[in-house]
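Heads up, the next two complexes both have chain A, just with different partners, chain B and then chain C.
Let's look at the complex of A and B:
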């Protein structure tokens, strides 16, 4: 299996940074260092609970130059599949986990003449590492961070302490919100903007940038889409000759994996395309939750992204 | 096991390059069928059989010292063979780390690497090099990191930046190429630098290959093989040097084809790089004369059939037009069928 090679790590430190977000420090088990990585990278953390295995992607927050530990931050979701709850409630100092090698789907563009980073809530995590890379370069940059209210600005305060005026903070509860049109206006040619936050924020930035004349190649985003829960359904795996039941609180990919089938994946968040699967037979509708397939492909109903999408079908046969 | 190097072999002038029986045995004969066709022949770059050219991710063989001398000569006497755009500085260090750590791990008799934080000590015994330097500080090395380390490695090395939905050839050390120009291609993207290749685009080969490479992951390198033919064991067949090697295609005869005509196989490997998220693409060149090749009977037969049945567009693109019939004629006596 492509991702069989994981790195065993141990939780060395846990910090409650905001009421909803915990930061975990991961050290390699035994001797050795962790691989270097590029800012914007994430790792898939394998969490083995009693009755199921979670594989959740988390951005690397620490310095890419720090090889003795990795830092990740997890926002607690009470109504999800339970991965973040597992991290918050079951993981303690000394807990051993497995992590995959870093993958970067949200890199800084090396030819940019200026970088503008926009984040909200836990979306700040990839940028904590990116600013470390930016600090090594001589390229101008600025970061705008929105948080929900007092007590939720832990990461923002750290960044202000380190980088001063390059960091602009917005307290939601005080009615302070970033005006994307104003931030993006009058930027020099060659400026790139990077957004990490909820879907509506990413869309708003994209619209404001394009309205200001920015080209798509200079607008980048990363969205943390946890696989949405939904009504349970059954799926037939043609090549594996199995029928798999997908419970409400498990993704289609997780259910396939739990059945012992080795399905390809990479980001586990519906954006990279690696898990794209052909639909061989279908009687019903697919529920597409990804950002990979084109509108035409989604409408066609012949492809699905099992890491985040679901189905409402009386019969569904996949090429797995 | 230590390798016996042949440091005085030449790849120009008197062309004293020869393969030992061991080098012939481990030669990466690329044809798996009697007919050759382009395909996305990418496979995981995993360990091959012991003693093979794929046993280790970066291969050193008996020609190592001679090839490094040839590269140094090339860099001193021709220009634009090493080029690196400024934004690839981080990627250069990634490549230096990859090559140094691979060689030190896989050939401990010949190479040694000691790391203390950013203070590194590198020993290259075959070339008599030892350098203490600070990883990340180019002032502590005699050349830029990419040039420094590729002067000590066989094969060409291209570093590709990943951005804007494709890959860009933004740095390279290219002295053993099969007729393409780094100077001309520097800064081009994947589809642009593959422009001249016939037939493959229509087959969708490049679209699939690019999609695959965009998702190339750390610790999971891939490889593929490419081939052409060269007259004399000449590594430097760059377009800029064509006046030097072009005329060789007119001197091949039925009598000398066995010694002059060489199969040239490129073992191409691609690695994702950690700090820069770039990709390094190595093109490791293996040469074998037809006389050496036919000492393996199956190879002689297959080579004959592949060349005889080669698509005309490929004959043209691989520069074989002037020599093909002569070479097929020479090989025919090794194919009883």
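Let's look at the complex of A and C:
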């Protein structure tokens, strides 16, 4: 699969919004406008470090009406593979990066009669753009945002200033937690709930909604999984006739790409399904970290999502 | 002359069955559909006490079957009986405006009744996982004249003369969910007057 060309951008502004989160303003290099997008979209940022290339997905959090720059927020993960640390330490004003075109895997439902947005931590980023779309519609909406504690409420304060009582804030450190069952009770027909945050939050919202009789078509969530670090392993790429080593701090997809193989991908967070790959042979277990394959497919061990998943095998052969 | 090959626009109807996670169950039926509602009602009382049930029934029927007395003996005050399909649609519209998430809608009746109710349900953004449709009784079709935009009710023949513009329409299997009707296209447009035999096909 050939990927669309990346867009060269440069960093025009950096703001430390919370102790862990930096917001970057990206402008196209030279003149020109960036592609338009809808709230909930993400881009993949290509970071060329000295010895390797990171490609990390980040939600677009600026206004979809703003076509001269994009805004992304990056939470620092000190124990991660290094992409967020690269953004926090190596990227400065004027740094040039490449980005892929926006893709929306978390869109607002246009026919909804009400929207309820639930976010925690850096999960607020896609919703920062969604509220711009909602602000222009006549459809009722509300947003509930939980943050770590004092000093971490930067995005919440911005939203509160713009939208007032539509925004409900919850200070984790004060034990202030959203009661999903109460929030979802007695909502009008045609209400949709959108959750972006940690896995336990997404699960709790799903359970509360279903307990209130909601059906799956009204429940939406997005959780990009950063590819976890893990034990190194080797993979045999049957079609490419290559054996590739996957180091502890690289994803399987990154290792395949580093070997010069053009593998399909879109979200790089285990969500979209684009990188799904058939497993031809294995002598151990696959470590599935994606939100794409069904439980039965994961148990079957015949498919893997190389963007986030790993393997504990001495021999692993993929159809790639 | 048929235009049916490979057309998949028509909804798939199934037998109504209780959707137990629902908190409020709204049943809408017409004519022969009353029988399907009775069958469903016999299964619903096993639900938890938190769930509520309401029934709307229109006596208007192609086949002449009326289940209003049987329904009344089964559900008492939770039943609204009206005489026409149009009234049932209006009652349902009002009922849905007061409903909250967790509602399930069950519909049983002719295809044009189902189509009218489906329009109301989708206006409330009720999706396929919240609404069930069971086709009962007559297979008569509502046919939309693509030339003059008039809907012809209870069509049972392969060709029908449009009640508004007088064109002879071939009744296609192409179904519009927005209109709740099958498309009718002029049957003798190429050679005026050259029509195939008119036979009853939707009994």
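Points to keep in mind about this one:
The criterion applied here is as follows: the second predicted complex is superposed on the first by the 318 of 320 C-alpha atoms of A that agree within 3 Å, B and C clash if a C-alpha of one lies under 4 Å from a C-alpha of the other, contacts with A are read in each partner's own complex, and residues count from 1 in each chain.
We take it that a residue touches a chain if its C-beta (ideal position, glycine included) is under 8 Å from a C-beta of that chain, and two chains touch if they have at least 3 such contacts.
Computed from a predicted model, the values in this text were never measured in an experiment.
When the shared chain is aligned, chain C comes close enough to touch A:191, but chain B does not.
Within the superposed three-chain model, A:266 lies in touch with chain B and out of touch with chain C [touch as defined at top].
Using the contact criterion defined above for the overlaid structures, shared-chain residue A:19 touches neither chain B nor chain C, since it reaches no partner. Of the two partner chains, chain B and chain C are each touched by A:217. Using the contact criterion defined above for the overlaid structures, shared-chain residue A:284 touches neither chain B nor chain C, since it reaches no partner. By the touch criterion defined above, A:38 lies against chain B but remains apart from chain C after alignment on the C-alpha atoms of chain A. By the touch criterion defined above, A:113 lies against chain C but remains apart from chain B after alignment on the C-alpha atoms of chain A. Shared contact residues of chain A, touching chain B in one structure and chain C in the other: 109, 111, 217. By the touch rule above, chain B contacts chain A in their complex via residues 87-88, 90, 94, 161-165, 211, 215, 217-220, 274-277.
Those residues of chain A that touch chain B in the shared complex are 2, 5, 35-38, 40-41, 64, 101-104, 107, 109-111, 217, 266, 272-274. Across the complex, chain A meets chain C through its residues 109, 111-113, 184-191, 209-210, 212-218.
Every residue of chain C that touches chain A in the complex is listed here, in rising order: 21-24, 96, 99-104, 122, 124-130.
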